[in-house]
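Quick one: the structure is below, and I'll ask about it shortly.
Order of writing sets the chain letters: A, B, C, D, E and F. Residues in each chain are counted from 1.
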Amino acid sequence: MKISARNVMEGTVKNVETGPIMANVKIEIKSPGVVTAIITKESVEKLGIKEGDTVSAIVKSTEVMIAKD
Amino acid sequence: MKISARNVMEGTVKNVETGPIMANVKIEIKSPGVVTAIITKESVEKLGIKEGDTVSAIVKSTEVMIAKD
Amino acid sequence: MKISARNVMEGTVKNVETGPIMANVKIEIKSPGVVTAIITKESVEKLGIKEGDTVSAIVKSTEVMIAKD
Amino acid sequence: MKISARNVMEGTVKNVETGPIMANVKIEIKSPGVVTAIITKESVEKLGIKEGDTVSAIVKSTEVMIAKD
Amino acid sequence: MKISARNVMEGTVKNVETGPIMANVKIEIKSPGVVTAIITKESVEKLGIKEGDTVSAIVKSTEVMIAKD
Amino acid sequence: MKISARNVMEGTVKNVETGPIMANVKIEIKSPGVVTAIITKESVEKLGIKEGDTVSAIVKSTEVMIAKD
(Lines give C-alpha, C1' and ligand atoms only; values in the text may rest on other atoms or scores of the structure.)
Protein backbone atom coordinates (compact mmCIF):
# COMPACT_ATOMS: atom_id res chain seq x y z
CA MET A 1 0.00 0.00 0.00
CA LYS A 2 1.52 3.34 -1.07
CA ILE A 3 0.27 6.42 0.80
CA SER A 4 0.06 10.03 -0.37
CA ALA A 5 1.61 11.32 2.89
CA ARG A 6 5.13 12.40 1.84
CA ASN A 7 6.80 11.78 5.23
CA VAL A 8 7.34 8.14 6.15
CA MET A 9 10.15 7.75 8.70
CA GLU A 10 11.19 4.27 9.84
CA GLY A 11 12.20 3.68 13.44
CA THR A 12 11.90 1.66 16.63
CA VAL A 13 9.28 2.12 19.33
CA LYS A 14 11.03 3.29 22.51
CA ASN A 15 8.04 3.82 24.77
CA VAL A 16 4.24 3.52 24.79
CA GLU A 17 2.20 5.39 27.42
CA THR A 18 -1.53 4.68 27.23
CA GLY A 19 -4.37 6.65 28.78
CA PRO A 20 -8.15 6.06 28.74
CA ILE A 21 -8.58 7.46 25.19
CA MET A 22 -5.17 8.48 23.79
CA ALA A 23 -1.62 7.14 23.82
CA ASN A 24 1.80 8.79 23.63
CA VAL A 25 4.25 6.74 21.56
CA LYS A 26 7.98 7.52 21.25
CA ILE A 27 9.74 6.35 18.09
CA GLU A 28 13.51 6.52 17.59
CA ILE A 29 13.90 7.34 13.92
CA LYS A 30 16.64 5.36 12.16
CA SER A 31 17.30 7.47 9.11
CA PRO A 32 14.92 10.43 8.75
CA GLY A 33 16.12 11.44 5.28
CA VAL A 34 14.20 14.26 3.58
CA VAL A 35 11.04 15.77 5.11
CA THR A 36 8.49 17.54 2.90
CA ALA A 37 6.67 20.61 4.24
CA ILE A 38 3.73 22.27 2.50
CA ILE A 39 3.54 25.87 3.73
CA THR A 40 2.15 29.07 2.24
CA LYS A 41 4.08 31.00 -0.41
CA GLU A 42 3.60 33.93 2.00
CA SER A 43 5.57 32.09 4.72
CA VAL A 44 8.41 31.28 2.32
CA GLU A 45 8.67 34.99 1.50
CA LYS A 46 8.27 36.31 5.06
CA LEU A 47 10.85 33.86 6.51
CA GLY A 48 13.06 34.21 3.41
CA ILE A 49 13.36 30.42 3.15
CA LYS A 50 15.89 29.32 0.50
CA GLU A 51 18.12 26.39 -0.41
CA GLY A 52 20.98 25.89 2.06
CA ASP A 53 19.16 27.45 5.03
CA THR A 54 19.39 25.75 8.43
CA VAL A 55 15.79 25.33 9.63
CA SER A 56 13.66 23.14 11.88
CA ALA A 57 10.77 21.02 10.63
CA ILE A 58 8.06 21.21 13.29
CA VAL A 59 5.19 18.71 13.68
CA LYS A 60 2.52 18.62 16.42
CA SER A 61 2.45 15.08 17.85
CA THR A 62 -1.30 14.75 17.22
CA GLU A 63 -0.48 14.85 13.51
CA VAL A 64 1.87 11.83 13.58
CA MET A 65 0.44 8.44 12.58
CA ILE A 66 2.09 5.05 12.97
CA ALA A 67 2.22 2.21 10.44
CA LYS A 68 3.28 -1.35 11.25
CA ASP A 69 3.69 -4.32 8.93
CA MET B 1 10.61 30.65 22.30
CA LYS B 2 9.73 27.09 23.36
CA ILE B 3 6.85 25.45 21.48
CA SER B 4 4.43 22.75 22.65
CA ALA B 5 4.86 20.77 19.39
CA ARG B 6 6.92 17.74 20.46
CA ASN B 7 8.64 17.18 17.09
CA VAL B 8 11.33 19.71 16.16
CA MET B 9 13.80 18.26 13.63
CA GLU B 10 16.78 20.33 12.50
CA GLY B 11 17.96 20.16 8.91
CA THR B 12 18.99 21.92 5.73
CA VAL B 13 16.66 23.20 3.01
CA LYS B 14 17.33 21.18 -0.17
CA ASN B 15 14.65 22.62 -2.44
CA VAL B 16 11.87 25.23 -2.48
CA GLU B 17 9.14 25.01 -5.12
CA THR B 18 6.65 27.89 -4.95
CA GLY B 19 3.21 28.11 -6.52
CA PRO B 20 0.61 30.92 -6.51
CA ILE B 21 -0.62 30.09 -2.97
CA MET B 22 1.40 27.18 -1.54
CA ALA B 23 5.03 26.03 -1.54
CA ASN B 24 6.67 22.60 -1.34
CA VAL B 25 9.85 22.69 0.76
CA LYS B 26 12.29 19.77 1.08
CA ILE B 27 14.39 19.59 4.26
CA GLU B 28 17.22 17.09 4.78
CA ILE B 29 17.05 16.24 8.45
CA LYS B 30 20.49 16.22 10.09
CA SER B 31 20.23 14.06 13.11
CA PRO B 32 17.62 11.41 13.56
CA GLY B 33 15.98 11.79 16.93
CA VAL B 34 12.88 10.64 18.75
CA VAL B 35 9.47 11.41 17.22
CA THR B 36 6.37 11.63 19.43
CA ALA B 37 3.06 10.35 18.05
CA ILE B 38 -0.29 10.88 19.76
CA ILE B 39 -2.65 8.17 18.53
CA THR B 40 -5.74 6.53 20.01
CA LYS B 41 -5.45 3.82 22.67
CA GLU B 42 -7.63 1.82 20.25
CA SER B 43 -4.94 2.02 17.54
CA VAL B 44 -2.21 0.91 19.96
CA GLU B 45 -4.32 -2.14 20.78
CA LYS B 46 -5.44 -2.95 17.21
CA LEU B 47 -1.88 -2.64 15.77
CA GLY B 48 -0.38 -4.28 18.88
CA ILE B 49 2.20 -1.49 19.16
CA LYS B 50 4.85 -2.21 21.82
CA GLU B 51 8.41 -1.29 22.74
CA GLY B 52 10.96 -2.70 20.29
CA ASP B 53 8.60 -2.77 17.31
CA THR B 54 9.85 -1.58 13.92
CA VAL B 55 7.31 0.97 12.70
CA SER B 56 7.00 4.01 10.44
CA ALA B 57 6.05 7.47 11.68
CA ILE B 58 3.81 9.01 9.01
CA VAL B 59 3.11 12.73 8.61
CA LYS B 60 1.11 14.47 5.86
CA SER B 61 3.25 17.28 4.43
CA THR B 62 0.51 19.87 5.04
CA GLU B 63 1.07 19.28 8.77
CA VAL B 64 4.79 20.20 8.71
CA MET B 65 5.77 23.74 9.71
CA ILE B 66 9.17 25.38 9.33
CA ALA B 67 11.03 27.53 11.86
CA LYS B 68 14.07 29.65 11.04
CA ASP B 69 16.24 31.75 13.38
CA MET C 1 -24.16 27.94 8.50
CA LYS C 2 -22.13 26.71 5.48
CA ILE C 3 -18.60 25.54 6.23
CA SER C 4 -15.52 25.51 3.97
CA ALA C 5 -14.64 21.92 5.01
CA ARG C 6 -15.49 19.86 1.90
CA ASN C 7 -16.32 16.62 3.73
CA VAL C 8 -19.61 16.60 5.67
CA MET C 9 -20.88 13.03 6.19
CA GLU C 10 -24.22 12.46 7.93
CA GLY C 11 -24.64 9.52 10.26
CA THR C 12 -25.76 8.15 13.60
CA VAL C 13 -23.72 8.08 16.80
CA LYS C 14 -23.04 4.42 17.71
CA ASN C 15 -20.82 4.90 20.74
CA VAL C 16 -19.30 7.62 22.92
CA GLU C 17 -16.32 6.81 25.15
CA THR C 18 -15.21 9.75 27.31
CA GLY C 19 -11.92 10.20 29.15
CA PRO C 20 -10.69 13.03 31.40
CA ILE C 21 -9.81 15.31 28.43
CA MET C 22 -10.72 13.57 25.15
CA ALA C 23 -13.57 11.43 23.84
CA ASN C 24 -13.74 8.72 21.17
CA VAL C 25 -17.00 8.91 19.19
CA LYS C 26 -18.13 6.29 16.64
CA ILE C 27 -20.45 7.47 13.87
CA GLU C 28 -22.14 5.11 11.41
CA ILE C 29 -22.18 7.05 8.16
CA LYS C 30 -25.47 6.80 6.23
CA SER C 31 -24.37 7.79 2.75
CA PRO C 32 -20.77 8.97 2.52
CA GLY C 33 -20.99 10.16 -1.08
CA VAL C 34 -17.89 11.86 -2.46
CA VAL C 35 -14.87 12.67 -0.29
CA THR C 36 -12.47 15.47 -1.28
CA ALA C 37 -8.75 15.04 -0.60
CA ILE C 38 -6.18 17.82 -0.99
CA ILE C 39 -2.78 16.18 -1.50
CA THR C 40 0.44 17.31 -3.18
CA LYS C 41 0.82 17.21 -6.97
CA GLU C 42 3.94 15.18 -6.18
CA SER C 43 1.85 12.47 -4.46
CA VAL C 44 -0.58 12.29 -7.40
CA GLU C 45 2.41 11.68 -9.70
CA LYS C 46 4.28 9.25 -7.44
CA LEU C 47 1.16 7.12 -6.74
CA GLY C 48 -0.05 7.53 -10.31
CA ILE C 49 -3.53 8.51 -9.09
CA LYS C 50 -6.06 8.77 -11.92
CA GLU C 51 -9.80 8.59 -12.56
CA GLY C 52 -11.18 5.08 -12.08
CA ASP C 53 -8.54 3.97 -9.58
CA THR C 54 -9.61 2.01 -6.49
CA VAL C 55 -8.10 3.84 -3.51
CA SER C 56 -8.65 4.43 0.20
CA ALA C 57 -9.33 7.82 1.71
CA ILE C 58 -7.49 7.91 5.05
CA VAL C 59 -8.24 10.32 7.90
CA LYS C 60 -6.65 10.40 11.37
CA SER C 61 -9.47 10.43 13.95
CA THR C 62 -8.10 13.58 15.64
CA GLU C 63 -8.97 15.44 12.43
CA VAL C 64 -12.69 14.54 12.50
CA MET C 65 -15.12 17.10 13.94
CA ILE C 66 -18.78 16.56 14.76
CA ALA C 67 -21.69 18.89 14.03
CA LYS C 68 -25.13 18.53 15.56
CA ASP C 69 -28.30 20.57 14.89
CA MET D 1 0.87 -2.31 6.30
CA LYS D 2 -1.60 -1.47 9.06
CA ILE D 3 -1.99 2.21 9.91
CA SER D 4 -3.02 3.85 13.20
CA ALA D 5 -5.43 6.23 11.40
CA ARG D 6 -8.87 4.89 12.35
CA ASN D 7 -10.68 6.05 9.20
CA VAL D 8 -9.90 4.11 6.02
CA MET D 9 -12.71 4.45 3.44
CA GLU D 10 -12.47 2.56 0.15
CA GLY D 11 -13.73 4.15 -3.05
CA THR D 12 -13.16 5.08 -6.67
CA VAL D 13 -11.37 8.19 -7.94
CA LYS D 14 -13.92 10.36 -9.79
CA ASN D 15 -11.75 13.36 -10.61
CA VAL D 16 -8.20 14.65 -10.24
CA GLU D 17 -7.50 18.37 -10.62
CA THR D 18 -3.80 19.25 -10.36
CA GLY D 19 -2.22 22.65 -9.77
CA PRO D 20 1.44 23.70 -9.55
CA ILE D 21 1.84 22.43 -5.94
CA MET D 22 -1.43 20.83 -4.76
CA ALA D 23 -4.14 18.60 -6.23
CA ASN D 24 -7.87 18.22 -5.53
CA VAL D 25 -8.96 14.58 -5.73
CA LYS D 26 -12.59 13.43 -5.57
CA ILE D 27 -13.25 9.90 -4.31
CA GLU D 28 -16.65 8.21 -4.41
CA ILE D 29 -16.77 6.13 -1.25
CA LYS D 30 -18.14 2.64 -1.87
CA SER D 31 -19.43 1.38 1.38
CA PRO D 32 -20.47 3.59 4.21
CA GLY D 33 -18.82 2.42 7.41
CA VAL D 34 -18.10 3.70 10.89
CA VAL D 35 -16.07 6.91 11.27
CA THR D 36 -14.09 7.56 14.44
CA ALA D 37 -13.85 11.13 15.75
CA ILE D 38 -11.55 12.19 18.59
CA ILE D 39 -12.99 15.38 20.09
CA THR D 40 -12.74 17.00 23.50
CA LYS D 41 -14.82 15.75 26.44
CA GLU D 42 -15.91 19.40 26.67
CA SER D 43 -17.40 19.25 23.16
CA VAL D 44 -19.29 16.03 23.92
CA GLU D 45 -20.83 17.77 26.94
CA LYS D 46 -21.54 21.13 25.26
CA LEU D 47 -23.16 19.50 22.19
CA GLY D 48 -24.80 16.82 24.32
CA ILE D 49 -23.56 14.09 21.98
CA LYS D 50 -25.01 10.67 22.81
CA GLU D 51 -25.75 7.31 21.19
CA GLY D 52 -28.55 7.52 18.59
CA ASP D 53 -27.97 11.17 17.72
CA THR D 54 -28.03 12.23 14.07
CA VAL D 55 -24.80 14.15 13.48
CA SER D 56 -22.37 15.07 10.72
CA ALA D 57 -18.73 14.00 10.69
CA ILE D 58 -16.76 16.96 9.28
CA VAL D 59 -13.25 16.71 7.80
CA LYS D 60 -11.22 19.49 6.14
CA SER D 61 -9.99 18.20 2.76
CA THR D 62 -6.36 19.02 3.59
CA GLU D 63 -6.58 16.32 6.27
CA VAL D 64 -7.52 13.51 3.85
CA MET D 65 -4.75 11.23 2.58
CA ILE D 66 -5.00 8.67 -0.21
CA ALA D 67 -3.60 5.12 -0.25
CA LYS D 68 -3.31 2.97 -3.37
CA ASP D 69 -2.17 -0.63 -3.71
CA MET E 1 -25.63 23.76 13.62
CA LYS E 2 -23.30 23.46 16.63
CA ILE E 3 -19.80 22.19 15.91
CA SER E 4 -17.38 20.31 18.17
CA ALA E 5 -14.46 22.56 17.16
CA ARG E 6 -13.86 24.70 20.26
CA ASN E 7 -12.49 27.75 18.44
CA VAL E 8 -15.03 29.82 16.49
CA MET E 9 -13.81 33.40 15.96
CA GLU E 10 -16.07 35.92 14.22
CA GLY E 11 -14.57 38.48 11.87
CA THR E 12 -14.58 40.25 8.54
CA VAL E 13 -12.92 39.03 5.36
CA LYS E 14 -10.12 41.48 4.46
CA ASN E 15 -8.64 39.72 1.43
CA VAL E 16 -9.15 36.64 -0.75
CA GLU E 17 -6.29 35.42 -2.96
CA THR E 18 -7.23 32.44 -5.12
CA GLY E 19 -4.93 30.04 -6.95
CA PRO E 20 -5.70 27.03 -9.18
CA ILE E 21 -6.44 24.71 -6.22
CA MET E 22 -6.11 26.64 -2.94
CA ALA E 23 -7.00 30.09 -1.64
CA ASN E 24 -5.47 32.33 1.03
CA VAL E 25 -8.15 34.20 3.00
CA LYS E 26 -7.43 36.95 5.54
CA ILE E 27 -9.99 37.48 8.30
CA GLU E 28 -9.85 40.38 10.77
CA ILE E 29 -11.14 38.91 14.01
CA LYS E 30 -13.63 41.20 15.73
CA SER E 31 -13.59 40.31 19.35
CA PRO E 32 -10.75 38.57 21.06
CA GLY E 33 -12.06 35.62 23.02
CA VAL E 34 -10.78 32.45 24.63
CA VAL E 35 -8.89 29.94 22.49
CA THR E 36 -8.78 26.27 23.48
CA ALA E 37 -5.58 24.30 22.82
CA ILE E 38 -5.30 20.53 23.21
CA ILE E 39 -1.63 19.70 23.74
CA THR E 40 0.18 16.82 25.45
CA LYS E 41 0.53 16.68 29.23
CA GLU E 42 4.24 16.33 28.46
CA SER E 43 4.28 19.75 26.74
CA VAL E 44 2.48 21.40 29.68
CA GLU E 45 5.19 20.01 31.98
CA LYS E 46 8.19 20.76 29.73
CA LEU E 47 7.07 24.36 29.01
CA GLY E 48 5.85 24.81 32.60
CA ILE E 49 2.53 26.19 31.35
CA LYS E 50 0.37 27.56 34.16
CA GLU E 51 -2.46 30.05 34.79
CA GLY E 52 -1.36 33.66 34.29
CA ASP E 53 1.41 32.87 31.82
CA THR E 54 1.81 35.06 28.73
CA VAL E 55 1.88 32.69 25.76
CA SER E 56 1.10 32.57 22.05
CA ALA E 57 -1.56 30.32 20.51
CA ILE E 58 -0.14 29.10 17.19
CA VAL E 59 -2.23 27.68 14.33
CA LYS E 60 -1.02 26.61 10.87
CA SER E 61 -3.23 28.35 8.27
CA THR E 62 -4.11 25.03 6.58
CA GLU E 63 -5.95 24.12 9.80
CA VAL E 64 -8.31 27.13 9.70
CA MET E 65 -11.78 26.63 8.24
CA ILE E 66 -14.32 29.32 7.39
CA ALA E 67 -18.06 29.29 8.10
CA LYS E 68 -20.53 31.72 6.55
CA ASP E 69 -24.27 32.09 7.21
CA MET F 1 12.78 31.92 15.99
CA LYS F 2 10.31 32.79 13.21
CA ILE F 3 7.73 30.13 12.36
CA SER F 4 5.91 29.47 9.07
CA ALA F 5 2.54 29.13 10.85
CA ARG F 6 0.69 32.33 9.89
CA ASN F 7 -1.47 32.54 13.03
CA VAL F 8 0.35 33.58 16.21
CA MET F 9 -2.08 35.06 18.79
CA GLU F 10 -0.73 36.39 22.08
CA GLY F 11 -2.72 35.93 25.25
CA THR F 12 -2.88 34.86 28.87
CA VAL F 13 -3.42 31.33 30.15
CA LYS F 14 -6.77 31.21 31.99
CA ASN F 15 -6.94 27.52 32.83
CA VAL F 16 -4.96 24.30 32.47
CA GLU F 17 -6.73 20.93 32.84
CA THR F 18 -4.37 17.96 32.61
CA GLY F 19 -5.25 14.31 32.02
CA PRO F 20 -3.03 11.21 31.81
CA ILE F 21 -1.90 11.95 28.20
CA MET F 22 -3.48 15.23 27.01
CA ALA F 23 -4.21 18.66 28.46
CA ASN F 24 -6.89 21.27 27.74
CA VAL F 25 -5.49 24.81 27.96
CA LYS F 26 -7.62 27.97 27.78
CA ILE F 27 -5.93 31.13 26.51
CA GLU F 28 -7.56 34.57 26.60
CA ILE F 29 -6.35 36.24 23.43
CA LYS F 30 -5.32 39.89 23.87
CA SER F 31 -5.46 41.15 20.33
CA PRO F 32 -6.28 38.49 17.74
CA GLY F 33 -5.63 40.68 14.72
CA VAL F 34 -5.81 38.99 11.31
CA VAL F 35 -6.21 35.22 10.95
CA THR F 36 -5.05 33.47 7.77
CA ALA F 37 -7.08 30.52 6.45
CA ILE F 38 -5.93 28.26 3.62
CA ILE F 39 -9.03 26.64 2.12
CA THR F 40 -9.80 25.20 -1.32
CA LYS F 41 -10.64 27.48 -4.26
CA GLU F 42 -13.77 25.28 -4.50
CA SER F 43 -14.86 26.34 -1.00
CA VAL F 44 -14.34 30.03 -1.77
CA GLU F 45 -16.61 29.63 -4.80
CA LYS F 46 -19.27 27.44 -3.12
CA LEU F 47 -19.55 29.73 -0.05
CA GLY F 48 -19.16 32.85 -2.21
CA ILE F 49 -16.50 34.22 0.15
CA LYS F 50 -15.50 37.80 -0.68
CA GLU F 51 -14.00 40.89 0.94
CA GLY F 52 -16.34 42.47 3.52
CA ASP F 53 -18.16 39.24 4.39
CA THR F 54 -18.89 38.46 8.04
CA VAL F 55 -17.56 34.94 8.64
CA SER F 56 -16.24 32.73 11.42
CA ALA F 57 -12.71 31.29 11.48
CA ILE F 58 -13.01 27.77 12.89
CA VAL F 59 -10.13 25.78 14.38
CA LYS F 60 -10.25 22.34 16.05
CA SER F 61 -8.52 22.60 19.45
CA THR F 62 -6.17 19.69 18.63
CA GLU F 63 -4.65 21.95 15.96
CA VAL F 64 -3.65 24.75 18.38
CA MET F 65 -0.07 24.79 19.67
CA ILE F 66 1.32 26.97 22.46
CA ALA F 67 4.61 28.88 22.52
CA LYS F 68 6.17 30.38 25.63
CA ASP F 69 9.30 32.50 25.98
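By definition in this document, a residue touches a chain if its C-beta (ideal position, glycine included) is under 8 Å from a C-beta of that chain, and two chains touch if they have at least 3 such contacts.
Just so we're on the same page, UniProt names per chain: A, B, C, D, E, F = Molybdenum-pterin binding protein.
Just so it is clear, the model here is predicted, and its values are computed rather than measured.
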Inset, instruction - Determine the set of chains touching subunit A that also touch subunit F. - result: B, C, D, E
Inset, instruction - Report the inter-chain centroid distance for subunit C and subunit D in whole angstrom, where each centroid is the mean of the CA atoms. - result: 1
Legend entry - subunit A and subunit D, separation of their C-alpha mean positions in angstrom: 20
Inset, instruction - Scan subunit B for residues touching two or more other chains and write them down. - result: 1-6, 18-24, 36-40, 42-44, 47, 49, 56, 58, 60-63, 65-69
Inset, instruction - Determine the shape of the graph in which chains are vertices and touching pairs are edges (line, ring, star, complete, other). - result: complete
Inset, instruction - Under the touch definition given earlier, write down the residues of subunit A that touch subunit E in their complex. - result: 24, 38, 40, 42, 61-62
Inset, instruction - State the interface residues of subunit A toward subunit B in the complex, per the touch definition above. - result: 3-16, 18-41, 43-44, 47-69
Legend entry - Residue numbers on subunit C that touch subunit A, as the complex places them: 17-24, 37, 39-40, 42-44, 46-47, 49, 56, 58, 60, 62
Legend entry - subunit D-touching residues of subunit A, taken from the complex the two chains share: 1-5, 21-22, 38, 65-69
